[in-house]
Structures are given as C-alpha cells and as structure tokens.
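As written, the chains take the letters A, B, C and D, and residue 1 is the first residue of each chain.
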Amino acid sequence: MRELSFIGGDRRQIRVINSMADRDYHIRIYGFDKVERSEFSEKIEICKSISEAVDNAETVILPLPYTGGREIINAPYCGEEIHTGDILRRMRENRLLLIGKADEGVRAIARLYGIHLVDYLEREELGILNAIPTAEGAIEIAMHETPRTIHGSRCLILGNGRIGKMLGKMLMGLGAKVTVCVRKYSDAAYCRANGEKSIYFYELENKIGEYDIIFNTVPSLVVGYTALLNLKDEALIIDLASKPGGVDFETADRLGKKTVRALSLPGKVAPETAGDFIMETIINILEELGVK
Amino acid sequence: MRELSFIGGDRRQIRVINSMADRDYHIRIYGFDKVERSEFSEKIEICKSISEAVDNAETVILPLPYTGGREIINAPYCGEEIHTGDILRRMRENRLLLIGKADEGVRAIARLYGIHLVDYLEREELGILNAIPTAEGAIEIAMHETPRTIHGSRCLILGNGRIGKMLGKMLMGLGAKVTVCVRKYSDAAYCRANGEKSIYFYELENKIGEYDIIFNTVPSLVVGYTALLNLKDEALIIDLASKPGGVDFETADRLGKKTVRALSLPGKVAPETAGDFIMETIINILEELGVK
Amino acid sequence: MRELSFIGGDRRQIRVINSMADRDYHIRIYGFDKVERSEFSEKIEICKSISEAVDNAETVILPLPYTGGREIINAPYCGEEIHTGDILRRMRENRLLLIGKADEGVRAIARLYGIHLVDYLEREELGILNAIPTAEGAIEIAMHETPRTIHGSRCLILGNGRIGKMLGKMLMGLGAKVTVCVRKYSDAAYCRANGEKSIYFYELENKIGEYDIIFNTVPSLVVGYTALLNLKDEALIIDLASKPGGVDFETADRLGKKTVRALSLPGKVAPETAGDFIMETIINILEELGVK
Amino acid sequence: MRELSFIGGDRRQIRVINSMADRDYHIRIYGFDKVERSEFSEKIEICKSISEAVDNAETVILPLPYTGGREIINAPYCGEEIHTGDILRRMRENRLLLIGKADEGVRAIARLYGIHLVDYLEREELGILNAIPTAEGAIEIAMHETPRTIHGSRCLILGNGRIGKMLGKMLMGLGAKVTVCVRKYSDAAYCRANGEKSIYFYELENKIGEYDIIFNTVPSLVVGYTALLNLKDEALIIDLASKPGGVDFETADRLGKKTVRALSLPGKVAPETAGDFIMETIINILEELGVK
C-alpha cells in the first residue's frame, strides 16, 4: 500500500487527505493540531513531529500554495511555524515531493538534496478544473454586488484563457449577454463559434462603456485611466487576475468606480470541490510515475 | 400625455417610476419623503399630500405587494402610514387602479367605489419574468451556503412550474446534474425533452438521499419527517415556496439538517431588474386598455 | 400477464410491439404479413385473422394515425384492407381500445359498442415528446436545403407552442440566432427568459425580410402575400403545421420563394424514437387505468 | 484600392470573390468561364487569360485546396486545365500568393521565384471556424442515417481537438448524451468541465459497445478489429478524419457495421458559410501584412 505524508494546508487539503484515505492510501499527516481528531478518517495516522511524518516517507505532499512566504509552510491549522527547509532536509534522495506553486527557491533546495519535486499547480488538468470554482466564485460576487440579475446583463470578459472560457460558458448558461475582449483573431473565432461576441483590446477604451459587469482575467494593466473614465457609473469590475491585477484600482477609487479584487477563489468559495480537484491531480501524477 | 400617480413602494418601485418618466409618462408620486430628490428624475412631480397625487388621477399605481397588512400601503420610504382606504375613496369612478397582490378586501372596496382594479402580479408575463431573479437568487444562496461548486452538484428541484423550469435551465447552464421531482407524466416528459432527469413525488422519500441541494417550489408540505431523515447530512434545502412553505422546518432543525427559507427574492436580490419587469407589465396593461 | 392486441401500423408500431414484448406483455399482432418473422421478437403471437387477434382481447391497440381515411386501418405492411368496423364490432363491451388520432366517427362506433376508447395522441406527454423528432426533422431539412450552416443563421420560428419551444432550444444549441414570432405578451416574456428574441405577429410582414430560415408551426395562414413579397430571395420557409399549413404556397411558388412542407416528421425521420414515445405513453395509460 | 486576383475555385471561392468585391477590393478573376456572368458582382473584372489576371497582380489567391493533384489548379468551373507553374512564374518577386493547403512542391517553386506564399488553411482562426460546418455536416449525416433522434442518443466522439469540441457542444445542444474518447488527463478535465463524459483510448475497445453513434476525428487507425466486433449492430460510425481515416473500413464492411466517410464537409454542406470563413481569414492576413 502506497504511503503518503501530508504537511500543512487548509480546508482543501483536509478534503484531499480524507478522500485519499478512503482510496486506500496509507496517510500520515502533520500540521493540523487545531483540527478535531474526528474531522479526520480513523485510518489516518496523525504524527507528533515533522520527523515522524517525513523521515521515512516515500512521498511528501505540501499544500497549495505551499508557502505564504518567508520559507514557512502554509499551515493555518498548525500551532507552530513549519519551515520548508526542515521538511526537505529530512527527505531522502530520489523521494517524491508534491507541492503547489513551487518557486525557484524550493526548487533549488530540492535539487540540492536530490529530491524529485513536482508542482501539481502546473498540471494542465488542474488549471482547467480550477477554472470551474473560479468562474462560479466570480459569478457569486457579481450576483451579490449588483442590483440586477446576471440574466440579461451585458458582461465583458477580458481575456479568453481557461478562466475566460469557463466564465463565458457559465454566464451564457445564466442568460447573460457575453462579449469577450481578445487580442488574437483565433480567439475572436473561438468566441464566435461559441455564440459569444468579441472585441479587440485596442477597442477596449472606446467600448467599455457599453457593459454592466467587467470580469478581468489578464494579469497586466488592461483597464487604465481612459477605460475607467468611460466606464458606466453603475458598472462593476471584478478582477480575477493574480497580483498586480489588471485594473488601476487607485484611479478607479478616485473616480468612484466599483471594483472587487477576487483572488484565490477556489479555496474560498468551494474548498471541497477544490480539494477534490487537487486530489485527482495528485492521483494522476502518482499513476504517471507508476506509483501505486 | 398619459398621467400616472404612484403611491408607495420600495427600490423596485423607484426604478419603475424613473423608467416610466423616461418613457414620457407624466408622473406624480407620494410616499417617498425619505428618498433624496436627486434619486428621482427631474420630470417627476413629487406630491405633498395624498390628495394632490390621487384626486384627479386617471391611473393610480400601488406597489408589489401593495400592503404589508392592516390596510396600510407598503411604503418603507414614507414617514407616515398611508391607508388603503384613503387612496381608494379619493379616486373617481371608472378610474384605473394598478396594484400588486390584491386581496379580497381591496377588491371589495374598489367595486364599491366603481374603480377598475387590475392586479399586475396576476399577469402571466410577470410570473414568467419574475422566475428569473427568483432562480438567480436561489442559486446565489446555494453558492454561498455550500462548500462545493454548483457545477457537478446533484440538484433536486421540487416542482416543475415557472420557477422550477427556470431554475433547471440555469442550473444546467452552470453544469449541475439536475433532477426534477414531478407529479405528472407530462412534466416528466418535459424534463426529459430538456435533458433533465425526473423522479415522481411518491419516490421522493426514498430518493432524496442522493442529492446535494434541494430547491423546493411547491407551496405545501412535501418534505416531511421521513424525507428529512433520509437526507444527507451535508445536503442543503432551499425553500422558495410562499408560506407555509414545503418543508417541516421544525423537524429539520431537530435533525440538524441545513435549510434556508428564501421568500420574495426578486425585490431582494435584483430590485432593478424586478422593477423593470413590473414596469413592462404595467406598460402592457396600459396598452391593452388602450391607454396611451 | 397483461395481453395486448396490435392491429396495423408502420415502423413505429413495429418498434412499439417489440419493446412491449420485452417488457413482459403478452402480444398478439395482425396486419404485418409483409414483415419478416425475424423482425418480431419470438414471444409475439402472429395472428392469422382479425378474429384471432381481437375476439378475446382485453386491449386492442391501433396505430398513429389509426386510419388513412375511408374507415380503413393504416396498415402499410398488410396485404389486404382492414376495416375499422371489423375490429370494433368484434370487441366485447367495456374492453379498452387505444388509438392514435381518433375522429368523431370511430368514437361514435366505440360508444355504440360500449368500448372504452382512449386516443393516445391527445396525451400531453406524447405531444411534448413528439416535439423532439419534429424539431430535429425540421433542422435536418434546414441543414439539407441551405448552403449555409444553421450556426449563425437568423432563424424565425412562427409560434411558441411545444414544437416552437423545442425548435428554439435546439437551434440555440446549434448556435443559430433565434427569434420567435408570438401573439401574447407572456410568450414574449417566455422567449426573453430563454434568451431568444421575439417579435409580434402584427410585425411579421415588415420584419420577415431579416431572416434566413422561417419555421412555421401555426396551423392557419400566417405567411401571406405581403410577407412573401418581403421575404429574402435566398430565404427558406419550412412549414411544420398540419394542413392547410400556414403559408400561401401558390403565391410563394409564383414569387419564386423556397418552401418545404414537412408533415408527420416523427414517423419519417426517427421511427424508432417515435415508437418509443408511443410505447411509453401507452404504458402510462395502462398504469393509470390500473392495468398491469 | 487594393487589387486581388483570384484563380480558380468552387462555390466557396465564388462566395469569397463576391463578398470581397462588396468590401471595395478591386477584383480580377480567371477560371470561372462555366459560371454565368450574372453570378458575379458587376464590379468584378473577368479576365480572358491567366496573363491578364496575374502579370501585374500584387496579390494572387488560389482556392482551398489549391490543387486536386498533378500540379493543376482546382478549378471545376474552368473549361481548361490551369497549371500551378503557369501562375507562379508570371508573378513578380515579393508579391503575395494566398493559397489553401500548400504542399512542399508549391512552396519550393514560390521560394524559387521569391514569391511570398501564405497558406490560409494553416491559420488558427480558419481551423476553429471550419469546425462549425464540419460538425454540422456530421450531425446532418447522423440525422439522416439513423432511425433515432440525436436527442437521447449515446454519442461517442473520438478525439478532443477543434472538431471534437465543436461536435460535443452541438450534440449537447441537441440533447444527445455525449462521451469523448481522449488520451490526456487534461482533455478528460476539459470534457468534465463542459458537462461531457470521457473515456480513455485504452478503454475504447471495451466500451465502444455502449454507443449509438461514433464520430471519429483522429487521423490514424483507432477503430480496429476488436472495437468493430464489440460495436452494436445498429450503431453508426461517421469518420471525419482525413485519409486514411481512423476506421478499418474493410473489416467494418465484412462485419456488416454501418460506416460513413465524410471528408471536406465545409465545402459540401455549407459552401457559403465556408466561403465567408475563408474571406475573413484572407482579410485578417491582408490586415496583418499591412495590405489595405
């Protein structure tokens, strides 16, 4: 039976842990001392030290994101700080470390110790699946923040990547009028094939005034001063792009335009679903590596 | 130019008033003294007394619902109580009174004074349109109250009326797995034609345990003790039916099952859209009556 | 075990017969001598005379439509003519006769003999389900007859009944731009709620020129001279309404406009599916009557 | 005003030519002597020789596919054979040649003469748009060849590329039960996000028996002997992949399985739409090259 050690994580990771225990993995965990024992399946072995969890582990799994900064593991249910280095230096050579949102630092340390590091956030299937809770979370915000229904609203989605595509599909499913702002001819063709309208980014400043809700998915400044000026007063901008985001928020505030920054939605709005998606991705990785 | 007098109402009615002023009706209003003057279009005449608004009016329009009880007009933005009788007895014979959710009392008084009363809530188009904000409001609640996405959730809709149909369509549009609980063969056929599954009400108790979210639209007790007992612990019931609703809430609480009562959603979640729908219905009525 | 006698019918009825045999009804048939024995399940009893099939039958089932006229059963696979009267006069009192598209004549004879006649075509579930093959058949014709894709075409549906609704849904699903021509405000509201545009019949003559494909579902003359004159030359009209249909075909021909009359599509384009729907309806009727 | 010379092509190209003439390009054509003059816009200049059309042309446009083989231009409406070489050797250096489905031969000649060759079939937007008529054509075939409705049918799509995705979307829109056969985890995730089921190719042989209609989009043998053996007798395979296709047709015939090869659908089922897509792609290319 395959053994897995989980160190740290939030609600999503608790979901991952319990679901994988149901699937007959032998699970050791560390970093959840603030969680009731009853929240974990009985089969799970709760370790009293990092050493107990990591020393002989074939596979160690860190959360998404693995760190909140300063080389400390993202472990909100842990009473103490767990340092990244403390985990990696205990792992033996050629062992597997699954990690969410790896940075260059942790990769360098893994190389140093000969550890096989895989960042599951970089897996395409997780990117596709995570677009689901992200889009739903954005829609929930739009529903909550506007005095109108999504149905019949003129929605503009900036960007036609995974999140833009899923948002477009769901908004259409709710009866919104969807336009997507794109850069490439092929993205315009995609939108047309899917029944959405499209505009090009060079038209954005002139046309933004026609829309009720703007969803940004582009992680660089696309909604600047002129666009904000042309925006309807009642319009709402929801920025889903990672920092620094795509909106000049300071100017938006000054002009009295309504904006919402919405980051890391999957873990916030649907931790169980998000946990399931992480779990499935981890299982895919283990299968590919021939780990049973 | 057609003259209309509006007495009382909430955000929705303010929307109706401003939109109709834009469409070249001459509008008098009473019952909004707590609202800023600037929130109303300049063309609108704000009356200082009921008498000024009603005495010579061809058409008087009351809100939805027209009363909160005790013969007092539903006028949350009015500093004083307005009595139904005070309005009707000032209206001249054969004049038109448009009203939301008329009861037998107000109908009797109208007959007495020879006033032509029309309840716009009884109009089929308003029923159909109101299903939109009701369904969206229900979905917003479901998104907020569950740790999972709607996408992929097993949803059960009790009843296949206007709200049930709109909910089904929107939930499918979000990627949910939708089953509708119906009484008639023809409703089962409707669901099948629309790609939804269906079960019959006599099967409800046995099958309710398979679902994550249950939306009730039936205004009589359909989810009783046995059904509640069989419900999954994590499941959520959202009851959209008017009082007394379709769920035995006391038992649900005792069994620790999660329920939400959601009444009058259109005015709460999307007052502007709901106002637009009322306005359009009023315009339809005026057109049918040959009022220009 | 329930016994059923089937007299006559086309491909659909052969499907009904075989499917019901699979469901453990005891089946007798007459009127299929041109069909190979191997096309019927072995459990089915093939009768050599009407008498053998009908004399002791509890339930006799005639096809849809039961007659092609002149009191003769619709039995294309029968070498001889079967007269309606020959069947009914052999049936005993209080027995059940299931029949498709009953006319006043056959009802009168049934009353005379004390036979319990039920017209399964009048069942709402069959009407709803039959809209599926009708709509698909209409779409197949539209695909075949036009040099353009349905996707992106401006389609106008005349009428918002069962067929109009199903057509609208399927055309939207293929990416067409759908407008529905309606008479009632509530139908316009329905279309809006479902993401379709609508126009009123009084606007038809003026607006018909905007559309590429017109589907008529209204069984009375709605597309007359002026409408035909305004129709684009490349446009196609598909008339799904039963005779006399909704189009002035003579004028259309004279003006060189493209029209297709498409009647009784379910049996033509999808006899197996259509047969399944008849079977399910018959089972519903038997269940309601307490026949097991 | 930009001048364009079109040599050869079918119905699609006639559409392209007329549409571009409407957009104020100056158009010369050669290779359409079997087409009535009235089928072309008056603004178009019909050349009497290749020389007249090509000698001074800035831009020459060949059809899709540009050749049917043997270095002869695909020109079904031309009374004589036009040789590729005859066109290219007349073009001056640095001029633009737009061509559909270029092969190595024509590219080599273009390089030799210093002609700037662009294959518009390689443009991503055309690939995306062409999936629309391809999918619709496949659906029309499926409707025509089966005695059942698409609605409710279990459809299996082999491959999740552009055509597979568009087919999935349209089949869902018609109410089919859609499963996609994929190779990658990320494609399975895509299908799940879009409400489709998926299976992996290694499961195909075992599971193919569950489906009514199989659409192949994979251009290599994926449906071999065992899969064909397991296929239901009534099932239909539609192969959309370019030669040699994905089905062992010989074995299929021997086993009595129903197959349809469907190649080059856009030009066959919707030449006008296909022509529009080519035109838009050509305009995009001209714009990108700064040609006005």
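Basically, a residue touches a chain if its C-beta (ideal position, glycine included) is under 8 Å from a C-beta of that chain, and two chains touch if they have at least 3 such contacts.
Computed from a predicted structure; not experimentally measured.
Student: Most remote chain relative to chain B, going by C-alpha centroids?
Tutor: The most distant chain relative to chain B turns out to be D.
Student: Looking only at C-beta pairs in contact, point me to the busier pair out of B-C and B-D.
Tutor: B-C
Student: Determine the centre-to-centre distance between chain B and chain C, using the mean Cα coordinates as centres, and give it in whole Å.
Tutor: 38
Student: How many Å are there between the centre of chain B and the centre of chain D, using C-alpha atoms for each centre?
Tutor: Centre-to-centre distance between chain B and chain D: 51 Å.
Student: Residues of chain B that contact two or more other chains, please.
Tutor: 132, 151-152, 175, 192-194
Student: If each chain is a node and each touching pair an edge, is that a line, ring, star, complete or other?
Tutor: complete
Student: For chain C, which residues are in contact with chain B within the complex?
Tutor: Checking each residue of chain C against chain B gives 123-129, 131-132, 166, 169, 184-186, 188-190, 192-194, 284.
Student: Quick one: which bits of chain C touch chain A in the complex? Just the residue numbers, please.
Tutor: 151-152, 175, 192-195
Student: Residues of chain C touching chain D in their complex?
Tutor: By the definition above, chain C touches chain D via 11, 132-133, 136-137, 139-140, 143-144, 146-152, 170, 172-175, 269-273.
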